[in-house]
Amino acid sequence: MIKDFREVVDQYDVVFFDAFGVLKNSSGLIPDIEKTFDYLVANDIEFYILTNDASKGPAKLAESYLVKGLPLVTEDKIISSGMMARDYLKTKVKGGKVAYLGTKESAHYLEETGLHAVSIADVDINHIDDINALVFLDDEGFDWFKDINKLLNLVRLRNIPVIIANTDRSYPVNAKEVSIAIGSIAEMIEKITGKKFIKFGKPDTNMFIFAYQHTAKAQELGKQRILMVGDTLNTDILGGNKFGIDTALVLTGNTLMENYQMRIATTGIIPDHVCESAVISGYSKIL
Amino acid sequence: MIKDFREVVDQYDVVFFDAFGVLKNSSGLIPDIEKTFDYLVANDIEFYILTNDASKGPAKLAESYLVKGLPLVTEDKIISSGMMARDYLKTKVKGGKVAYLGTKESAHYLEETGLHAVSIADVDINHIDDINALVFLDDEGFDWFKDINKLLNLVRLRNIPVIIANTDRSYPVNAKEVSIAIGSIAEMIEKITGKKFIKFGKPDTNMFIFAYQHTAKAQELGKQRILMVGDTLNTDILGGNKFGIDTALVLTGNTLMENYQMRIATTGIIPDHVCESAVISGYSKIL
Amino acid sequence: MIKDFREVVDQYDVVFFDAFGVLKNSSGLIPDIEKTFDYLVANDIEFYILTNDASKGPAKLAESYLVKGLPLVTEDKIISSGMMARDYLKTKVKGGKVAYLGTKESAHYLEETGLHAVSIADVDINHIDDINALVFLDDEGFDWFKDINKLLNLVRLRNIPVIIANTDRSYPVNAKEVSIAIGSIAEMIEKITGKKFIKFGKPDTNMFIFAYQHTAKAQELGKQRILMVGDTLNTDILGGNKFGIDTALVLTGNTLMENYQMRIATTGIIPDHVCESAVISGYSKIL
Amino acid sequence: MIKDFREVVDQYDVVFFDAFGVLKNSSGLIPDIEKTFDYLVANDIEFYILTNDASKGPAKLAESYLVKGLPLVTEDKIISSGMMARDYLKTKVKGGKVAYLGTKESAHYLEETGLHAVSIADVDINHIDDINALVFLDDEGFDWFKDINKLLNLVRLRNIPVIIANTDRSYPVNAKEVSIAIGSIAEMIEKITGKKFIKFGKPDTNMFIFAYQHTAKAQELGKQRILMVGDTLNTDILGGNKFGIDTALVLTGNTLMENYQMRIATTGIIPDHVCESAVISGYSKIL
């Protein structure tokens, strides 16, 4: 039941792509993926990248695609869960400081809110009265032992909104090893404190709505003309299905050729299409 | 920190109300709640009812408000999780039969999809090849022992989308007793089969987006001008907060005066306002 | 790495068997399983049946083995999770009534406690002050809709110990279909009420300890001389491992030849031995 | 319904005590608790300490009681979840290395097993073929970022038994702050990998059985003559109840005078007695 990606994509006017496992992996870009974007542009198919990566802003993310050889993935094409967190803070947190777990680079999202962003590493647990929100952004940029324990006490001692900008549990660092993602740390703190955090990122439909609302074409033509392409059943495919658009599973990341059928059967998460990859390999830009 | 509902509501242009525990309870309408709607109309504040009730269609729900003495809650003001399920089926299920758990009345949502709706009670487990989706609508209208077991086997034997139109776990039947809601039955089947179902209803933000997209005023003025009013922290308030609108907790349903502070502190779900009820008692319509 | 069951069993002095999926399935006895018991007796290897079945007492269970052609599995060889529940009630509930969910036959366990057993079907929810415990025994013998809802309210209105005599989530009724087991119903009520129930049955080690304490030989020779044989990784094998005895997985029930290696790898539950079945087929009793 | 501890204790022949929150807290010993032990000795009531603390061996734990002024709590009176883990490794792991998360001091338990213990900090993830088990012992003694990520990959890459010697989620470090306990770290890794770990410590009944089997008096007189004293409903009281002995909740730790009734009602975990503390304050040793 494996289909050719070109034939699939020809049925739609707008395509949403997941990033990791679809466009790139821990070694760099998926070979020839740039041909897919040449094809989309040539055929007037609009595209967006929907990523659970809140470790950098869209400008930095776009820069990394440019460097790797994918100049068509520009800043305005990238929608990240960090942007959802930013919008939440803008509308719901009226002032004061927002503490964050992550690198200075990830705090980029917070600066745009007008709130004073402070790294958890710089928080003094005895002076927390002006901290009005806490955001999980990235798994680096702090001392795990000291700062995760400090964060736990901040959540216990102050009743403020806590936002998880990325609910992924782990991510690959190379062909063999994975790393714990911020979503797992947040889930652990939620369990210990019994509090409910506010979660952004696929499979939650927020990011799909955000993308939809920024695509005049999609709104005009309707959801039937949009395709979500992803490598992960319980984020990309589940979220796309729930939002009511068609979904295509590709086998270049979390889900493998050898077990995709079993995975679909055991999870009950059913993509509309399955393709080996998102590469349109035969295509060459006409110069 | 208890505020007067009138003073709260005056700060907004659009108000979303939960139904059960806010407008009505197991005894009928909350006394004087009709005055609130007179006030909203007189002051040009738009309103919608956002309910996790998928047991009847909006027309039937509106009829029940009319009978009880609340004629201003008309069909077009009601947004239910059943409507989310209906839209999903319309866009994602291409043909065939859709099986449902619920009364014939709840199946109203399915008829509008053009799919052939069949009650789980009428399904023959040996002939299920043409069933392309399953929907949990209501806890009545079938034999629990026979039909919940049949449904379990349908989910095991056929890999189709399964939709939960109401994720509530229980609902009150009188001042003392509660009943198991369809959300609990669905969760049990999910656990047994290990499959992921598609869930609609608060705290999921789908219903908020649906309401938002149907309110020209809200879209023009922005989310800052909308208030969500509910009695339940982990559905109404969590969902409203996540959608990025202000929230008001009322103490006429699931959350009580004697423990609302403790509940807010232990769950970390923080409403922007707390009011005794949604009643604007001092108000009288000028004739 | 599949081993011959005879060679495995020769290394031990005492063997604990799971029942369903090891000795019998929905069609009856596993063919030739009686030869295994002839072999054990001839070789002076002691055996016990450890079953999560609380639907009947040991006498009735033994009778069913006799009828099927396995006379060596006598009443004194059977240890069931119902016996754990019985012992709990004997020591912890001082008097009054104990309500139960199940058939009159399953209530056998309760009669031995000296408490007055009353079926949930016969409970009047307005007169529950003398009910001092509640036990989940079997999924039949009551009206699911009426009585499970009544039970929910009993748990909410009276703070009494609630005992689950069987934590299995489902059981096979024929080659194609399964039925919801009492463990799933209990788990649903636990979720709705937020209360903690007391659970007996594998993988909990209680039943292993009970068996161990009734086996003079095991106590004398030590745990190293005991083998647990089961078809289910997360009950039989997990429980046996945790109790500190060797474990053998057989492939005649829940775990199949085609996926046992994948199941062991994904769950991390590792049996010491894997055998096609518990049958010692080559063996004939010397007359 | 608060009872005097002396009157409660007089009804039993053997008493099991939890340590933290009952005998001591983050400031040191509970004032006058030594009088309780004088009383027990004078009245020939046997006692044991049942602790989920696997960070040190019984000798070190006893030493700390001696230093604090409680010389009657000697090494032979202490039963810890680390001892359960040690026994598991002794019977179930046949050779090779056992990796551990914790301090060198916590590894004391592993040395007694004859296995070669290696700190996760010293594991080379490219040479793990001789590691045959992994044990979570303590939250200190390693680099959280580097070593917890390394441990995650060890669990993914090698299918070996993983043992959690302490399932507590957090512990108090002073009157205001808590620290993340090893049980939370283990639970996070379990979630990420989907594997089932082997858990020791209350509420699991293993530790109660171990204590019971080491008390000739208890075995002779029966479970009815044993009392479990603890400050935590979901470990001490739940575990004691399940084991079938009487339980007493004290209000000097996790459960407070102001909310113990609410906690008992919401959890459904019901102690047989509630006492302000385990102190028998009026008692003076006769010299």
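Should a chain be cited, it is by its letter among A, B, C and D, assigned in written order, with residues numbered from 1 in that chain.
Note that in this section contacts are C-beta pairs under 8 Å (C-beta built on N, C-alpha and C of every residue); 3 or more make two chains touch, one makes a residue touch a chain.
Quick caveat, the model's predicted, so the values are computed rather than measured.
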- Task: Please find the path from chain A to chain C through touching chains that uses the fewest steps, and give that number.
- Result: 2
- Query: Which chain's centre, taken as the mean of its Cα atoms, is farthest from the centre of chain D?
  - Reply: B
- In whole angstrom, what separates the CA-based centres of chain A and chain D? 41
- Cα centroid separation between chain B and chain D, in whole Å? 45
- Query: If you average the Cα atoms of chain C and of chain D to get two centres, how far apart are those centres in Å?
  - Reply: 29
- Message: Among all residues of chain B, which ones touch two or more of the remaining chains?
- Response: none
- Report the complete set of touching chain pairs. A-B, A-D, B-C, C-D
- Message: If we count contacts the way the header does, which residues on chain A are in touch with chain D in the complex?
- Response: 125, 143-145, 148-149, 152-153, 156-157, 169-170, 176-180, 184-185, 187-188, 191-192
- Task: Please give the residue numbers of chain D that touch chain C in the complex, ascending.
- Result: 87-88, 91-92, 155, 159-162, 193-198, 204-206, 209, 223-224, 234, 238, 241-242, 244-245, 264-270
